[in-house]
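First the structure, in the form of C-alpha cells, and then the observations on it.
Read from first to last, the chains carry the letters A, B, C, D and E; within each, the first residue is number 1.
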Amino acid sequence: MRPDVLPVMLVFLPFLAGLLQFIAGRPAPRLGNVLVGVNLLLVLALIPGVADEGAIVANLGGWSEPLAIHLLADGLALLMLLLTALLAVAVSLYAMAAWRDQHHDALRFWTLWPLLLGSLNALFLSRDLFNIYVTLELVTLAAIPLVLLAGPGKTVDAALRYLLFALLGSLIYLAGVALLYAQAGTLDLALLADALPDSTLAGSLGASLIIVGILIKAAILPFHVWLPAAHGGAPAAVSAILSALVVKAAAYLLLRLWSGPLDPLVTPAAGQLLGALGALAILFGSWQAFRQERLKLVVAYSTVAQLGYMLLFFPMAVTAAWQGAVYHGLAHGLAKGALFLAAGNILLYLGHDRLREMRGIDRPLAVSLLAFGLAGVSIMGLPPSGGFTAKWLLLTASVETGQWWWTITLLLGGLLAAAYVFRVLRLAFLQPPENVPDRPGMVPPPLMAWSATVLAVLAIVLGVVSAPLLELLGSPVGGSE
Amino acid sequence: MSGLYQAMPLWVLLSSLLAAAVILALGEDHPRLRIGINLAAALLKLVLVGVMLLGVRAGHEFLLRVPLMPGIDLVLHADALSMLFISLSALLWLATTIYAIAYLEDSPNRARFFGFFSLCVAATMGIATAGNLFTFFLFYEMLTLSTWPLVVHRGTEKAMRAGRGYLWYTLGGSAVLLLGIVLLHGLAGSQDFVAGGTLEHLVDSHPLALTGIFLLLIGGMGVKAALAPVHGWLPTAMVAPAPVSALLHAVAVVKAGAFGIVRVVYDVYGINLMQDLGLAQLLAIMASITIIYGSLRAIWQTDLKRRLAYSTVSQVSYIALGIALANPLASIGGLVHLVHQGLMKITLFFCAGCYAETHGIHAIEDLDGIGRRMPWTTAMFTLGALGMIGLPPLAGFISKWYLGLGAVAAGQFWVVGVLLASTVLNAIYFLPILHRVWFRPPRDEQTEGLAEAAPGLLGPTLFAGFAALAAGLFAGFDWSPLAWVELLVEREYSP
Amino acid sequence: MTGIEPLAVAAAGLMGIGLYGFCLCRHAVRRLLSINLFGNGVFLALILIARRLPDGPDPVPHAMVLTGIVIAVSATAFGLALVRRQARTRGDDET
Amino acid sequence: MSMLLMLIPALPILLALAALSGQIGRHGANVGVMLTSALALLVVLLDPAPLALPWLLLGTHLALDELSRVLLFCAALLWPAATLAAGELFAGRDGRRFGMSWLFTMAGNLGMLLSQDLASFYLCFAVMTFSAYGLVVHKAGNEAFRAGRVYLVLSIFGESLLLAGIFLLAAEGGNPAVTDIPEVFAGMDRPQLAGSLLMAGFAVKMGVIPLHVWLPLAHPAAPVPASAVLSGLLVKGGLVGWLRFLPDQETALQTAADLLLILGLTGAFAAALVGSLQQRPKTVLAYSTVSQMGLLTVPVALVLGGRAETQTMLPLIALFAGHHALAKGALFLSVDHWHGGRWRQLLIVIAALGIAGLPLTGGLVAKAALKSATAAPLPLLITLSSITTSLLLLRFLQQLSADPGQGNRLPAFVTAAWGLVLAAALLLPWVLADPTVLGYALSGAGLRDAVWPLLLALGVALMLRRRRLPTIPEGDLVAPIECALRHIKALLQRSIGAIDPQDLQQRLIASVRPQRRFRVALARWSMTGEQQSLAAVAIIAMVLLLLLLLT
Amino acid sequence: MTALDSLLALLLLLLAARCVSARSLLQAIVAFIVLGLLLALSWVRLEAPDLALAEAAIGAGLLGVLLLGTWRSLPLGHGNERIPLPWQGLRPALITTGCTVLAVLLTVALHQHPEQAAMSGLAALDQLDAAGVDQPVTAVLLNFRAYDTLLEMGVLLMALIGTLMLDSPLPRDTELPARTMLPATLAQLFLPLILLIGLYLVWAGAYSPGGAFQGGAVLAGAGVLLILTGFGEGDGRDGWVLRALLAGGALVFTLAGLLLIPVTGAFMAYPQGLVTPIMVLIEFSLALSIALSLLLLYTGTPGLRRRGER
C-alpha cells in the first residue's frame, strides 16, 4: 500500500463510520471503538514513513500543484494525529461506559464523534488555506452539538455563545484567506510563502485577520469568553475532546501558519504581541481557575491558561521554543483529557461538582483522583511529565533568546497551576465531614476510571520518551534562528 | 549480567517505586500483604545497597544513561557520595517503616500513607543517584509531590495549612531551582556531575552569570534544606504524623536539599571555582545565619516537635557550612553530618512520636518525669539531644569536631564562634528538656510505673539511637560514615 | 484599473458594519445577522477578487463563496435553532 | 593485659545500661563498682602497656601515666566507699536514674584518667561532667535545680572554651596523643590562644576563681556520696587536662600561667575566708575544695609557665592531688559519720586538720612537698594559707557538730570503707613523698611551720566564736549575677516577646494578597456579559494592532 | 457602469447599516433579506450569476424564511434593542473608529493587485478538459476541490444533527386553513415548475451556471413552499430512508473516493472514461442531500410528512 493512502484513510474512515452510524439510527459503540482502534493503527503506520522522509504528502485528485488540495503529514501533524488517536481511544472507552443506558444520547454521540474525529484529522492534515477554513467549521459544528449532549436546557447559552464566536472567527479567517489569495493566487500552504509579494498592506492585513480569526477559535485570552461555560458544561467525554483537541487544533494552526506561509510576513514585534497574549492567558487563566467554585470550571479555566503556553513560541521562534510549544500541546492534551474524565467521574459520583461539598471523597474515587493527580503533575509542569519537558524546552528557548520575561511567566504559571491543582487534590485528603450527606450518584465503573488514568499516565510517560518524538517533530519549517 | 549489575541504581530505585505502586494498587483491603511487601522491599533494598557499597568500595562506579530529550540524558550513577545518602535512606527507611506500621495501627488510609511513603524513598534514591542536575531536579520534584500527601495525611485543617505552606515553599523553591538549571544549561550545556566541577572554563567569561546561577541553585535547594529565610515550612509541617516528620527531617526532604547543595558545590561548580567567585564565603555566611537563627527560634518553642523542627533548621545548615568552608576537614564534617544528623534527628522524632502515641504528650511542659515511665525512650531521647549538642561520643561530636578543625584550618575563626554559639544554644534548648524528663517529678503523681512505648515503636527508636551512638563511638571503624566520608573527600580534593 | 471600485468599498463596508454590529448588539439573532453581514462582505470581496483573471472569472474564489454560503447558512440555521431553544427554556423558567 | 585498660571504663557503662533497664539494685551497683575498683587497683599495680584502639572514636589511646596512676588509685578507693555509702539511693524510686548518673560519672571519671588522646579525653571529660549533673540535681527541689543550673551553665561555658581550644589544637595535629602535644604546640600559629582556651576550659572544673561558684552550690545540694566523688575526684579532671594538653618548657604560655598562678593564690586565701563564713558543713567543705585547688594550681601554673621542671613538679602535684582526693572524699562522707561515736569524731578531726597540715598527717607531707619545690615567696604564702585553711576547717568541725544529723546507724561495711579511705588519705603521702620532703616534714622547722598557723587559727576561731559574723550567700558571686539576669530577661520579654515572628510572617503574606476590592471587581467583570462585548471589541483592536506590528 | 455599481454599493451599505441599527428586530431581518437580494444582483453584475442564484435562494431566501420564523417564535418585542449610534458614547465612537479604519484598510487592500495573476485559477481553467464538466465552478467544486465540498457536506449534516438535538421546530400557524387560500393554489400551480427548475439547475450545473447547490437550494425552497401552504409539515419521527438520503451526498462522495483508489491509484481521482457519470451521480445525490438538509433545518424536525398524517 502506498503510504499516502494513510492520511486519506485517516479522514475518510471516520467519516464513513459517522455516516453509517447516522443512517443506522441505533447506537453502535463497538463500531466507534473499532474505528478509534483502526485510527490509532493508521497513525502508527504513518510514523515510519514520516520518520524516514520527513513528510508524507497525499495529492487529492491528482491535479497539478497550485490547484490541487494536498494532505500533508509531517512531524507536527503526525504528533497531533497521534495525540488525537490516543485521546480518541480513551474517550471512546469512557463514552461507551458513560452512555451505556442512554439510547438517544449514545446515538448522537457515536454519530458526531467519528465525524469530529475525521474533522480533526482533516484539520491536522490540511495543507490548504481554504480547506483549513472548512475543517475549522467542521470541527466547530461537530463540537457544539456535542456540548448540547449534557442537556440542551443547561448548555444552550454556552453553545450559542460558542457558536457566535466560532462563526465570526472563521469568517474573519476567511476574510484573511481572501486577501492572501488575492495577493498570492494560491491557497496551498507550501506555495504561499514564495508566492506572497513582500510587504503589501493586503498581505499584512490578511495575515492579521487570519491570526485573529484563529485566536478567537483557540480561545486565547481576550477571546476566551466562550470557552469556560462550553467546556465546563459539556459532558465529561466531550469536555475532554474539546479542551484537549478542539481548541488545540486552532492553536496548532497558528503554529503551522506562522512558521510556514506567514513566515515572510511576520515580525518579531507581532511575535511579542502574541507572546504577551499567551502570558496574559497563563496568568489570568490560572488565577481564574484558582477562584472557581466548581470543579469543571477549574479545569476549563485551566485550559485557557494552558493554551497560553503554546503562544510563547511566537516571540522566541527558535527550535527549542517550537518543540516546547508543540510538546506542550501534546502534554496538555493528554493531561487535560485525563482531568476532564476524572472530573466527570467525580461529578457522576457526587451528582454535582461543587468544590465546597467535596471533602473526603477519597475512597470510592481513588483511581479517578489518582488520574487527576497524575495529570495535575503534567499540568503543573513538574517532572517527569510531558508538561515538564515542554516547560523545560520553553525555558531553554527563553534563555537562549535572552527574553527573560517569558522565563518568569513560565515559572509563575507553574506555581499558579499548582495552586489550583492542589486546591482540588486537597479535598481528597481533608477529613470528611461528620455526617456525610447522601451521595446519590453511582461509583464510576472501572472502565471510566481507568481510561482517565491511562491518559494521565501517558501524559507522564510523555516526559520520558521525548527524544524520539522531538526528533520526529524537527524544527519549524521556516524556522528563523 | 554486567549490564544488570551496572544498572544497580535503577534496581535500588525500583525496589521502592514498585513497592509504592503495588501498595497503592492494593488499597486498604490487605493490610498483612501490604506490610509484608513493604518490609520485603525495604529489606531487599538494604541488600541491594549492600551490594552496591561493596562495589563502590572496590572502585566501581555504577552508571546508567538514558537519553531523555535532545542533549539531555537521564543519568543514574552511584559514587561514594551517593552511597552515603543511599545507605542512610535505606537503613532509616526500614526503621521508619517498622515504626510507622506500629504508629499508624488502626488509623484510616494506611495504604495511601505507605504508598506515598515508599514513593518518597524512591525519590530520595533518585536524588542520591542522580548523575546530572536535570535528573536531580526530576527526582527532587517527585519528592515534593510524594511528600505532600504525607504532610496532609491527617486531613485536618491544620494539616492542610501546613501542606499548603509546604507546597508554596517547595514549589517556589523548585521554580527558582529550575530557573537556575535552565540558565546553567544555556550557559554550559548539560553536564554530568564530575568531582571538581565542570565550569572552570567559564569563570573568565561569565563570572557574574555563574554567581547568579549559583544563588538561584542554592536558593532553590535551600528551601528544602530549610536555609533561613526560606525555612518556614519546616516547623509548620510538624503537624504530620511522627514517622513523616522523621522522614522529612532525617531522611528525605531536608537531606535532599542539603545533598543537592553538596552536589552543586562539589560536582558542578567545584571548590576552586567557588572560592574564586567568593561564593564559598557567601554560603558559609548564609549557613551560619541559619544555624544561629534556627537555634534561637527553637528556644522559644513550647511544642516538642516544633522545637525539634527548628533544631533541624539549625543543624542541617552544618552540612552547607562544612562544604562552604572549602577545606577537606570541614568537608568531612559537613558530609558526615548528613548521616549523623539523620540518625540523631530521627531518634528524636521517634521519641517524640513515642511520647505522643503512648501518653499523648506534645508539649514540652507535659514531659515532666517521663523518664520514670519510659526510661528507654527517654534514654534514646537523651542520646539524640546530647548528640545534637555535640557531646562525645555521639555522632554529632564527630561532625562538630571536623567542622571546627576545618574552620580553623581554613582560617575562618568566626566559624568556630558560630559552632560554639550553636553548641551553647543547642544546650539551652535541649538540656531543659532533659532536665524535665529525668529530674522533674511527674505532674500527675498518680501515673506511676513503667509504661514504655509499644515494641514496634521502641525497637526502631532504640535502633536509631544506638546507631547515632555507634556512628560516633566507632567513628574510627573502617566502614563508619566517617571513614566513608574521608574516602570521598579525599577523592574530591586530590585531583 | 484605476480609481475606486465602489463594490470593493461595499465589501469592506459590510465587513466593518458587521463587526460594528457584533460589538454593540446584545441579542443573539442580531449578532447572527451581524456575522452574516460580515460574511456577505467577505463573499463580495472574494467575487471581486475572482474578476482578476484575464479570461473569465476565477472559479476558485467562486467555489469558495459557494461553499462559504452553505456553511454560513447551516451554521446560522443552527444558531437560530439555539435561539429558539433558549427562548423556550427561558419561557419555561418563567412559568 | 592492656585490654584491662579498656575494661575499666567499659564496665560501669555496661552496668549503667543494666541500670537503665531496671535490672540493678544496690547490690548490683556495689558489686559492679567493687569489681571495677579491683580492676583499677590491678591496673595500678601492673602498670600495663599503652593500648591503642584506632576504631574507637577518632582513634583512642589508653594508658597510665605518673599522675593518673596515683589518681586512679585514689579513685579505686573512693568510688567503692562512696557507692557503699550511697546504698539506698540506688534502690529508691529514682534509683534507676541515680544509678545511671552515678555509673556514667564513674565511667567518665575513670576513662578520663586513662585516655591519652584529645578526643577520648574530651569524651570522658564530657561524660563525667554531664552525668554529674544528675548527681547534683538528684534530690530535686529548688535548691538542687538552682545548683544544677549554675553547674550546667558553667560546665557548658567551660566545654565551649575547651571545644574551641580543641579545634585549634586538632586542626594542627588531628587527634593528638598526649605525647605529641609539645610538638603540636610548637607547630601552631597561635599557641597562646589555643592554650589559653584550654586552660580556661579546664579551670572551670578546677574551680579556679571566679569560675568556682558552682562548687559551693552543688555540694550541699547533692547527696553526700555524690559530693564526695565530686570534690574528691571530678574536680581533678581539670588538673589532668591542664597537665596533659598544655605545653610546658619551651613552648610554655607564660602570661596565662602567671595569671593562673595569681588566681590560684587568690582563690586559696579568699575561698577559705569566704568558706569560713558559711553555715552548712558541706558548703564549708566546698569552699575548702576551692581553696585547696587554688593551692594546687600554684605548682601547675609554674609548670605551665615554664618556671619549673615538669619532672620535679609532677610527683608532688600527684602527691598533693591524691591526698586531697582521698581526704576531701573522706571528709564529705564523714558528714554522715559524725554522730557515729567518739572514735569516729576523732578520726574526722584528724582528717580535717590534716588538710590544714596537722603534724604527722599526710596533709603536712603534701604541703611540705609543695614548699620544698617552690621558690620564695611561695613557701611563705603556702604556710600562711595554712592559717586560713585551718580557720575554714575549724569552722567545718564547728558546724558539723552543730548539725543535728540523721541519727541512723550506718552499716559496718560502709564505715569500714570510709575508714579505709581516711586511712589511705593519712598514709598515702608518706608512701609517695621524697625522703627529703619527709625529712623536712618530720624536722623541727617543719613541725613548727605546721603548728603555728594551726594554733593561730584556733585562737582566732575561739576569739570570734561568740561574735556575729557577716554572712556571705552560698556561691558568693552567683547571687548578684542571677539578679542582673532576671532583670535582663524581663526586659527582653517585654521587647522581643512582643514581636512574634510567626505573626509577622502572616501579616506579610496578607499584605501581598490582592486587595479584596480588586478581587470583587474582577469577579463581577467575569460574570457579566460585559466580557463578551469587550472580547468583540478586542477583535477589532487586535486586528489593527497586529497589522501595525506586521507592517 | 460604475454609476450602477456605486448605487448598488450605496444601497448595500445603507441596508447593512439599517440591519444593524434598526430598533425592531423584524425590520433588521427584513433589511437583511433585501440586502441579500441586492447582493445577488450585484453578483450578477460581477459575472457570477450562479453564485447570485445561490445567494438569492439560500442566503436571502431560505435564511430569510428561517429568520422570520425564528422571530415569530420569540416573545413579542424580544430582540428589539436600541443600538447606540457612533456618537452616543465613548465605546460606540471607538468601535466606529476602529471599524471605519478597518474598512478603509480593507478597501485599500482590495485594490492592491499583485503582479502575477491567480495561479490556481489559471490552472483550473487550463485543466478544465480533464475535469469531466464544462462549468469551471462545478469543476472546482466537484473535482479539483471536491474534498472541500465533501467536508462541507459534513458541516451541513452536523448543523442539521445539532439542530435536531435541540428539538425546537419552527412554530406553525395552526389557524391557517390548509388548501383554501390563494397561496395554496399558487403553490399547487408553481410547485411542479419549481421542482423542474431545481432539477434542471442540478443537471445544467455541468455546463452552465447552476449546480448541486443552487439546484438543491431551489428544491428546498419548493419544500418550504409546500409546508408554508400547508401541504406538508415537520414530523417528530424519522426513517432510515430519509437519513440515508440526508447522508447520501457525503456518503456517495466518500465511497467514490475510497472505492476508486485501487482503480485510479490516487484519491478522489476518477477513471478517465467514467468522470462524467460519476460526477452526475455525485451531483444529484448532493443536491438531494442539500435540499433535504436545508428543509429539515427549516422545520427543525427529524422527519417530514404530509399534513394531517399521523
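As a working rule, contacts are C-beta pairs under 8 Å (C-beta built on N, C-alpha and C of every residue); 3 or more make two chains touch, one makes a residue touch a chain.
Bear in mind the structure is a predicted one, so any value in this text is a computation, not a measurement.
Think of each touching pair as a link: the shortest run of links from subunit A to subunit D has 1 of them. If you take subunit B and subunit C together, the chains in touch with both are A, D. Across the assembly, the mean Cα position most removed from that of subunit A is the one of D. Farthest from subunit B, judged by the mean position of CA atoms in each chain, is E.
Counting C-beta pairs in contact, the pair that comes out ahead of the other among B-D and C-D is B-D.
Of all chains present, the one whose mean CA position sits nearest the global mean of protein CA atoms is B.
Separating the CA-averaged centres of subunit A and subunit B is a span of 42 Å.
Rounded to a whole number, the gap between the C-alpha centres of subunit C and subunit E is 12 angstrom. Our note on geometry: subunit A versus subunit E, Cα centroid distance of 31 Å, whole angstroms. Spacing of subunit A relative to subunit C, judged by their CA centroids, is 27 angstrom.
Counting partners per residue, subunit C has 15, 19, 22-24, 26, 45, 49, 52, 60-61, 67, 71-72, 74-76, 78, 82-83, 85 as the residues that reach two or more other chains. Listed for subunit D are residues 537, 539-540, 543-544, 547, each touching two or more other chains. Within subunit A, contacts with two or more other chains are made by residues 67, 130, 134, 137, 141, 144, 152, 156, 168, 172, 175, 179, 181-182, 187, 201, 205. A list of each chain pair in contact follows: A-B, A-C, A-D, A-E, B-D, C-D, C-E, D-E.
Interface of subunit C with subunit E (complex): residues 1, 3-21, 23-27, 29-30, 33-34, 36-37, 40, 43-45, 47-63, 65-67, 69-78, 80-85, 87-88, 91. By the touch criterion stated above, subunit D contacts subunit B in their complex at residues 20-22, 53-60, 93-94, 96-97, 100, 119-120, 122-123, 126-127, 130, 134, 137-138, 140, 145, 148, 152, 156-157, 159-160, 163-164, 166-168, 170-171, 501, 505. Remark: subunit E residues 2, 5-6, 8-10, 12-13, 16-17, 19-20, 25, 28-29, 32, 35-36, 39, 42-43, 46-48, 50-51, 54-55, 58-59, 62-63, 66-67, 70-71, 73-75, 78-79, 81, 83-84, 91-92, 95-96, 98-100, 102-107, 110-111, 113, 117-118, 120-122, 124-125, 136-137, 139-141, 145, 148-149, 152, 155-156, 159-160, 162-163, 166-168, 170, 211, 213, 290, 293-294, 297-298, 300 touch subunit C in the complex.
By the touch criterion given at the top, residues 519, 523, 526, 531-532, 534-535, 538-539, 542-547, 549-551 of subunit D touch subunit A in their complex. Of all residues in subunit A, those touching subunit C in their complex are 67, 130, 133-134, 137, 140-141, 144, 152-153, 156-157, 159-160, 163-164, 167-168, 171-172, 174-175, 177-179, 181-182, 187.
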